Amino acid sequence: MIEIRLHGRGGQGAVTASRLLATAAFLEDKHSQSIPMYGTERRGAPVTAFVRIGEKDKMVRSLIHEPDYVVVLDSLLRKTVNITEGLKDDGMLILNSSVPPEEIELLKPYKVATVDATGIALETLGRPITNTAILGAFVKATGEIGLESVIEAVKQQWKGTLGEINVKAVEAAYEATEVGDPKIVAEVVGEKAPAGSRADWRTFRPVVDLEKCTGCRLCWVYCPEHCIEMVDDKSVIDYAYCKGCGICVEECPVGAIEMKSESERGE
Amino acid sequence: MIEIRLHGRGGQGAVTASRLLATAAFLEDKHSQSIPMYGTERRGAPVTAFVRIGEKDKMVRSLIHEPDYVVVLDSLLRKTVNITEGLKDDGMLILNSSVPPEEIELLKPYKVATVDATGIALETLGRPITNTAILGAFVKATGEIGLESVIEAVKQQWKGTLGEINVKAVEAAYEATEVGDPKIVAEVVGEKAPAGSRADWRTFRPVVDLEKCTGCRLCWVYCPEHCIEMVDDKSVIDYAYCKGCGICVEECPVGAIEMKSESERGE
Amino acid sequence: MVGEEIVTSGSTSCQGCGHAILARLAFKAFGRKTIFTLVPGCIWITLSRNIPLFSTGTVFEGGGALVSGITNGLAARGIEDMNVVAFYGDGGTADIGLQGLSGAAERNENVFWICADNQAYMNTGGQRSGATPKYAQTTTTPASYIRRGKRTKRKNLPFIVAAHDVAYVGTASIAYPSDLVGKIEYAKGLKGFKFLHVQSPCPTGWGFSPSDTIKVARLTVQSGIWPLFEITEGNDFRLTYKPRELKPVGEALGLQRRFRHLTDGESQEIQSRVNGQWKQLLEIDGKRLPY
Amino acid sequence: MVGEEIVTSGSTSCQGCGHAILARLAFKAFGRKTIFTLVPGCIWITLSRNIPLFSTGTVFEGGGALVSGITNGLAARGIEDMNVVAFYGDGGTADIGLQGLSGAAERNENVFWICADNQAYMNTGGQRSGATPKYAQTTTTPASYIRRGKRTKRKNLPFIVAAHDVAYVGTASIAYPSDLVGKIEYAKGLKGFKFLHVQSPCPTGWGFSPSDTIKVARLTVQSGIWPLFEITEGNDFRLTYKPRELKPVGEALGLQRRFRHLTDGESQEIQSRVNGQWKQLLEIDGKRLPY
């Protein structure tokens, strides 16, 4: 029996990924369970799901506390979530990250696989929904499930074009995944954020062109997060609280605000 | 400690009588309880209430199953309700009845007091509400409570004229009450009524003057009990089910129906 | 007044009970192809023992769900020719049952909901309900020098239900049996949610002689306190009884002990509210409601 | 847009959440002299952590009772200058909370009830509510060849509440902040029951990009799907936004995944219903409602 934990954010499809993985195992005549963590799912907020694969009489019905594999759909999530919690000593991490395994900083010598799932998702799907790409990485890195089974599960989930582009995401990630050993460090340091910061909810951040800003305050009026202040009649964004919704970009009457990818800032 | 059970019908004031009796006892520095029997109180339907009078540390909080006295506010009620149930062997019945105690038929030699409480109520109050009259009979027959205490309780309950005429009812009943021994019989026979008969709900019955009846059917339309039939284009009332509400009398456009007292039929 | 007599004698409702008259008239109109549901209240007592038709009951809150389940169950079995009737009181309609009513109305369930309205919780001693009129004395809204009975107006149930845009909404009175029976006979043929709000005077709770039940009902209609109207599909509003001149409200109120404490000013307030409302109703008579 | 900023940053509502915008605008209008109550739902999540005012919450069914208790408690202590606000979702208003709403409205409690309406139970996965519009796909009203999303129209909440004859009823949109803030500032000064029904588009549940929240809100208003109006004491009705010409409903619906399955016929049905309703509203604009 193998046990897998998936970490993602609301909107990236972690629960769907767990279902696809369980379906793929089922297609290989194994017994499997897909278990979403009960809770309110907010777009952008951390989400956890589980998959258990094995033989019928060994299947228990519980959450998974000591996984064999941890799959992380979001590149920034490990700054706020303890993704290695309970991971077995010989366990493996499958991460959405644009850097090679050797640059991932960890406290313990887990095996690490990385793939730029966000980049692949944007390229194949046009949206940063990383659930199918990360499954390609899981297949490549672990060998626990066949590539064909995952592709079949994806095709059963989405008919037509939507299925095809997701299969492309699986395949591209399968090709691009690298497996290796991480960099062992004494302490993993995340961004220092103030209490209640939502900075890690963003995939994109709005950037104001102060030259173009006319100080009309419409972005300030409509911002759901109260994270825009008017300074010298120009809009200034507090990135500690901006969730990256993009309403300011949409509502700015002079096009003074643009969305820029967080990953362009490097990790 | 003495325990009393009161039987009446919805509208005759049995629950109020129990409260007045308990208040009167309280005015004599006794401890007392007034206990209405929980249930839905329908005008005309049988109602039970209890009074317990005694010393503080002997008072229990329960319904009364073996009363010392049974007080019956309605003259017809004992045809359908087993009024002597649980009555102690040396107990007494205080009955609203226009006949002397010696003509009351009972299975066991209880003491019996009778008074025409309906007649007194109609005379003093103008309505067949017998609760205050029967209290006058209770005082006279049992001596357990003083007449002045009951009168004071009545005055506290109703101010002004309403209080005065009720005091008159108490006093008139006190004067008129007779105590004696009943006629012991092998079986007490009531009216034979069909299942679900409501005949014993009536104090008055509507009587149709067939000469005046035009067969317009308005009484039939408005009768709540479906106990009027048209026979040869005249209204005929089924007294087994008539509750004596009087709507037919009120709605008859030619005045062909009149209310007549049930007690005029004798017991 | 045609229609088979379905209600038998021997109910345990009070002498002169308005519900008993309503029950006889309503079932004449529905006929035998009828299933009905009950929730607690006087109307349960009135209907539960002496009608030889299938019925079932539930808790106050469950009335809307129960009647919806029955109509959907019948539909699933292909049974289309039954009247499915919710026969509830004002508590089961305007208060504790309102949520279920609103849900069933929103889903436009194929049921006929009759509210037998005696304007308080008469089955439990006469506590005020959402249908109790302003100033009426009940056991929970006593009248004294500083308290004047119920503080606020009764809920305008027909318009609340009509705002749900259902198949039929009507009001009726037991003093106008042809109007009442005619409304049921018309609306029972419609598919969707039908609602009939029937005023049912209560001698015990309102404090009048049991012989005056019809008289009180008639006076409330003649004075405009209880207007008779219907709102048909498409929200067309129509008064079904239009006296040339309204009687003064005092005639109806004066018969009822629950209004005995009214001052002249309070009576006058009721009179002018009734007048204002009647004027409004005359204005929209024959027109479409704005939603 | 004056008014102190009372809501602080850092709520856990979704990216682009309409409720978060509504909260900022509403509390600017209410100011600091405000107590508010909550029942479960997204709006609880949005308001419970980052507003430095006293608030308390209860179960869905208890919303009307809780807010009534608070306003009466304050009145008993002689405190008259607080806004007592019920800030509930559509579940807590149109469905599970409707009975409590209706009771508080009947009693004309001195409270301000805001319905933050995202048109489904978004906090628990997007189940349909009584506020879900016809044809919208939710997790409990799926769309397929034979099922077409929700079967019936959404409840007409403002008119249901208005039928209770309360101090104020209004609708508002987060895309029209001056209208929204102005309505609160006007109505908060009235004594009695105030009700504001605010449409709050939900990117997660309706299926549009979080950046389009205001755009979707604006298009629903401009197309007449979400008309802006108010009903003031005496039941005077007034449209507060009257475009010379309505935009086609397709523009607003087309942005939302929950309407992706609509056939041309179904879109047309929505269009003609909206047109008909708009015509009715124009007719009663400036007039008194008939109850």
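For this structure, a couple of remarks:
Letters A, B, C and D mark the chains in the order given here, with residues in each chain numbered from 1 onward.
Following the convention adopted for this analysis, contacts are C-beta pairs under 8 Å (C-beta built on N, C-alpha and C of every residue); 3 or more make two chains touch, one makes a residue touch a chain.
Bear in mind the structure is a predicted one, so any value in this text is a computation, not a measurement.
Under the touch definition stated at the top, chain B and chain C share no contacting partner at all. Rounded to a whole number, the gap between the C-alpha centres of chain A and chain B is 82 angstrom. Our note on geometry: chain C versus chain D, Cα centroid distance of 31 Å, whole angstroms. As a whole-number value, the distance joining the C-alpha centres of chain A and chain C reads 59 Å.
Shown here, the protein chains touch in a chain-like sequence that does not close on itself. Applying the touch definition to every pair of chains gives A-D, B-C, C-D. Those residues of chain C lying in contact with chain B across their complex are 1, 5, 7-18, 20-21, 24, 45, 49-50, 123-125, 174, 177, 203-204, 209-215. For chain C in complex with chain D, the touching residues are 94-96, 98-99, 102-103, 106-108, 130, 151-156, 159-160, 162-165, 237, 277, 280-281, 283-284, 288-291. Per the touch definition, chain B reaches chain C in the complex via residues 10-11, 40-45, 195-198, 201, 217, 221-227, 238, 240-241, 243-247, 249-251.
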